[in-house]
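Quick one: this structure, given as structure tokens, is what I'll be asking you about.
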Amino acid sequence: MAENIAVVGLGGMGSGAARRLLDQGHRVTVWNRSAAKATPLVERGARAARSPGEAAAGAAVVITLLADDRALEEVVLGAEGVAAGLGAGGVHLSMSTIAPTTARRLAEAHRAAGAAYVAAPVFGRPDAAASGQLWIALSGPPAAKDRARPVLEALGQGVQDFGEDPAGAHVVKLAGNFMIAAATEAMAEAYTLGEKCGLDRTQLAEFFGATLFPSRIYQNYGRMIAEHRYEPAGFKLRLGLKDLRLVLGAADANEMPMPLASLLHDRLLALAAQGHGEIDWTAIGLAVAREAGASPPP
Amino acid sequence: MAENIAVVGLGGMGSGAARRLLDQGHRVTVWNRSAAKATPLVERGARAARSPGEAAAGAAVVITLLADDRALEEVVLGAEGVAAGLGAGGVHLSMSTIAPTTARRLAEAHRAAGAAYVAAPVFGRPDAAASGQLWIALSGPPAAKDRARPVLEALGQGVQDFGEDPAGAHVVKLAGNFMIAAATEAMAEAYTLGEKCGLDRTQLAEFFGATLFPSRIYQNYGRMIAEHRYEPAGFKLRLGLKDLRLVLGAADANEMPMPLASLLHDRLLALAAQGHGEIDWTAIGLAVAREAGASPPP
Amino acid sequence: MAENIAVVGLGGMGSGAARRLLDQGHRVTVWNRSAAKATPLVERGARAARSPGEAAAGAAVVITLLADDRALEEVVLGAEGVAAGLGAGGVHLSMSTIAPTTARRLAEAHRAAGAAYVAAPVFGRPDAAASGQLWIALSGPPAAKDRARPVLEALGQGVQDFGEDPAGAHVVKLAGNFMIAAATEAMAEAYTLGEKCGLDRTQLAEFFGATLFPSRIYQNYGRMIAEHRYEPAGFKLRLGLKDLRLVLGAADANEMPMPLASLLHDRLLALAAQGHGEIDWTAIGLAVAREAGASPPP
Amino acid sequence: MAENIAVVGLGGMGSGAARRLLDQGHRVTVWNRSAAKATPLVERGARAARSPGEAAAGAAVVITLLADDRALEEVVLGAEGVAAGLGAGGVHLSMSTIAPTTARRLAEAHRAAGAAYVAAPVFGRPDAAASGQLWIALSGPPAAKDRARPVLEALGQGVQDFGEDPAGAHVVKLAGNFMIAAATEAMAEAYTLGEKCGLDRTQLAEFFGATLFPSRIYQNYGRMIAEHRYEPAGFKLRLGLKDLRLVLGAADANEMPMPLASLLHDRLLALAAQGHGEIDWTAIGLAVAREAGASPPP
């Protein structure tokens, strides 16, 4: 059944999601801070709103896909924001990677207005969003999750429900990004050890991607690390650093020591300090190689 | 074509390999320090030798699958050892997890006697050995690798050749075990973070095993960690600790700093110090939970 | 020359400072959230104010010594706060351990009102405050530092000026507390290694406190660690954890990777998670001993 | 009372010790692998032996001060070695930084020959040896320690007896060098944090060396780190790395997890891998600065 859906935030992920929803026959209203990003979607049939609040007004479900907690809070709680526009019974489907505490704050704001916050962060790149192949972790009030179901089915190849806590699914997302970064560090150390012992990095990456770790994370990231190919960035290091900050923030608030997360944070922070914030976050492989006195290609 | 093959060391892996070779129609001679382990194989048609040297005499290929470097060196270089029995042209197919330096030493001893050392460490549990489903990393002299080919094909679902250095494939094995331990630590931290934030550990493990990390390591180890089920041991913690020592030893000798390997070594060493050497090495999950003040089931 | 001085916050440090200032002949006004703490000082001649703002009104210098950033911000910026009471030309001498960003915010608020913020965090325990034996790190506007000079001379055995940035001296304090925690971890690992090798922990602590590290930190903390004597708390672990959070927060904001600070944070966080937040922060020694399977006395 | 004393190994420490013993009126025989090092001592009255064994023959006490375990074992157990020359009742005073296990092996060899091994590693630089200002940790058989007393009193400003285990004092030495390296890392992180926050590194080093940490380690090493002055090397990084290896080796053998020692080992290993093995081991400060994107002077 076609729905009125708003998509707020039109970076790669948001644009992909909006396109997918249009392709599936939904009525889509879009908004982005810099309006130019809306143009290609309007050409495909979307309606452009002049504010997040206007986008939210009349939408059954408002999707947000924004860069960080601060951007999300401004767009939701600011003047002409989503919270102001979203009517009673409306659902805010929050798909960004954010702090659990931010989710709780937004959920509270919506609840006070009779609307609902549903956490639905996603795993996948923009092309997965555009083709409905995302993995989605979900949490929030049962009735609101039901209302969001058609949207989730349009976007994801799989949706896993983690309960009612508005922060829950965001913790899942943070745990996942942490595990990806951990795999990156492990590959970087393993393949550089191999290199220093006379082996071929790429052969190692192919072997492990085909045997012990036959998953796209290990295969794709493994190849990038093996070849020291960190540009163009699929996921910018400074965003990965931001995510590790969120992981450690949640860990700290919940009295959860995470030494491996600390190690990863320090790696990414060092790379950012050295000016590598805009390349891919697999550049952990660059730091490992330099530390070992191995010389990556320029 | 049937071959005369010796299997020295009849723990789970060695017994599985011998059984598979018998099933495939090879003539198999076996030896084990405690002779009782040979009995079930003799009943299936194997010949029991009274010493490693006797097992090696007349064999085209001698497989060794022993607990550690010291056991291997005794069995190969000791009185009535493999090196003494293996004739010119014989191939020692060394499948244990050992130090690169040990491999070089043994290769040198064989070369002096006209025989050859082929490194062929394996990934997989005993049932994979018995069903020919191992992953095998290979390195050594080309002609000797060719002669070992029928044996490798009987035992493995895949064989990857890492060149001529007798130490090479052993480095691959160490890199792999390090990466497995790293995944264990990552899952333990991630799932305990989730637990402390109100999520279900098992649901997390299932989600990530089905989405980002669809591989048996993440699925099987993830379930063990989620359920804190460390007994019976599939791979004993003290053996995992031994492997991390080999990793750090190779890293140190090659001037390769590996902070994540250091972290894993310290984890396993702490668990061993606390008396947990005989349970499964995924007990990293136990250490993470205790450190976090989360209470695992007794 | 006698001055009108206000002391806001009468924990151990604040009470010690107020007593010292009275002993030196200054006119002292005090304020504390729970008023009972003021009684012994009033008996010695202090005047009790009903609000931080009342304490500040008419004072040349207002000292704050509070538990954390939030308490300080409430007392300064809240209703009837220090900022409201402090007249033009007044000096806020901020002696607590706080975040550099908090200092900048407060400095801005005072500047707008014609008053001045001087950072003056201290090293030393309450008895050092009461006897004028503190070490003081100083930063802020030159004229304001001059006006605070009589107070600083009454309280400290040494004052070091770190420039004009209101955040500067707070960074010095954080660096110092980090170094103390680092020394604690080093002693805990070293003395437990000794113990596991058959040596006497206390003898080790005495030896190093007399030879390589003849300073009170190593001597006093070393004895506590050697004897596993963590109660009564001289400095509570949860406050030490708070300080490590401030260190890592400042490090993160300035793109400064600090792996040792991360290690210390994770140690303290684990101890807090296990319920040890109220004992002395040298309980790092307890964590090290447990991890090693060494048994500290009950 | 004058004694016949042999000094084997004439690097800076050995030469300093021999000079001091001559100054105090002892009869001194010296030996060094490259004989030229003996010349200045012969000019002061020493006798040059042609082998370690010849040096030991007739000596009441043989001091060894060698670069590492292997050099020591060769000089003691090799042909014409100390063990062969040392008569029944002779004392081997072993002052190098070595592994506890090496000490046990040598003690056993001496015991079988009626001689005795006394561990007496030292803290201090060559000038402290030449002026009798070393700190000495001692362990071994009581009677042998008594016989070595005059030599110890000539060389040290303080001697601490750690019992009868021939390995004991060596563990003390390793613990001490670990603690020094830990202080170095702490200062490097603290002072670079300060620098990135706008403070002066040298002022920080002076402040903490005068207040919290008034000891020569913090003062001298702190200045080197603050100024990034790592040449000429007072103690070469590759020797510091060797010592951290010994620390971790002893820790591993005694099931003692030491995460801070692991961190320090990885730091030094990285610096060695980058070609900095011959500069001072305080170059930890260089690694910390580079990681942080701070630029040390060239």
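First chain written, first letter: the chains are A, B, C and D, and each begins at residue 1.
Here is the rule we use: a contact is a pair of C-beta atoms (placed from the backbone, for glycine too) under 8 Å apart; a residue touches a chain by one contact, two chains touch by 3 or more.
Since the model is a prediction, treat every value here as computed from it, not as a measurement.
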item: Intersection of the contact lists for subunit B and subunit D; value: A, C
item: Rotation, 0 to 180 degrees and nearest 5, that superposes subunit B on copy subunit C via CA atoms; value: 180
item: Chain at maximum distance from subunit B, centres defined as averaged CA atoms; value: C
item: Chain centre separation in whole Å, for subunit D relative to subunit A (CA means); value: 53
item: Cα-centroid distance, subunit A relative to subunit B, in whole angstrom; value: 38
item: Whole-Å separation of chain centres (CA-atom averages), subunit A against subunit C; value: 40
item: Residue numbers of subunit B (touch at least two other chains); value: 251, 255-259, 263, 270, 273, 291-293
item: Residue ranges of subunit C touching subunit B (in the complex, touch as defined); value: 259, 270, 273-275, 291-293
item: Subunit A-facing residues of subunit C, complex; value: 245, 251-252, 255-259, 262-263, 265-267, 269-270, 272-273
item: Complex interface listing, subunit B residues touching subunit A; value: 100, 123, 135, 137, 158, 160, 162-163, 165, 167-168, 171-172, 174-176, 178-180, 182-183, 185-187, 189-194, 196-200, 203-204, 207-208, 210-215, 217-218, 247, 250-251, 254-261, 263, 291-293
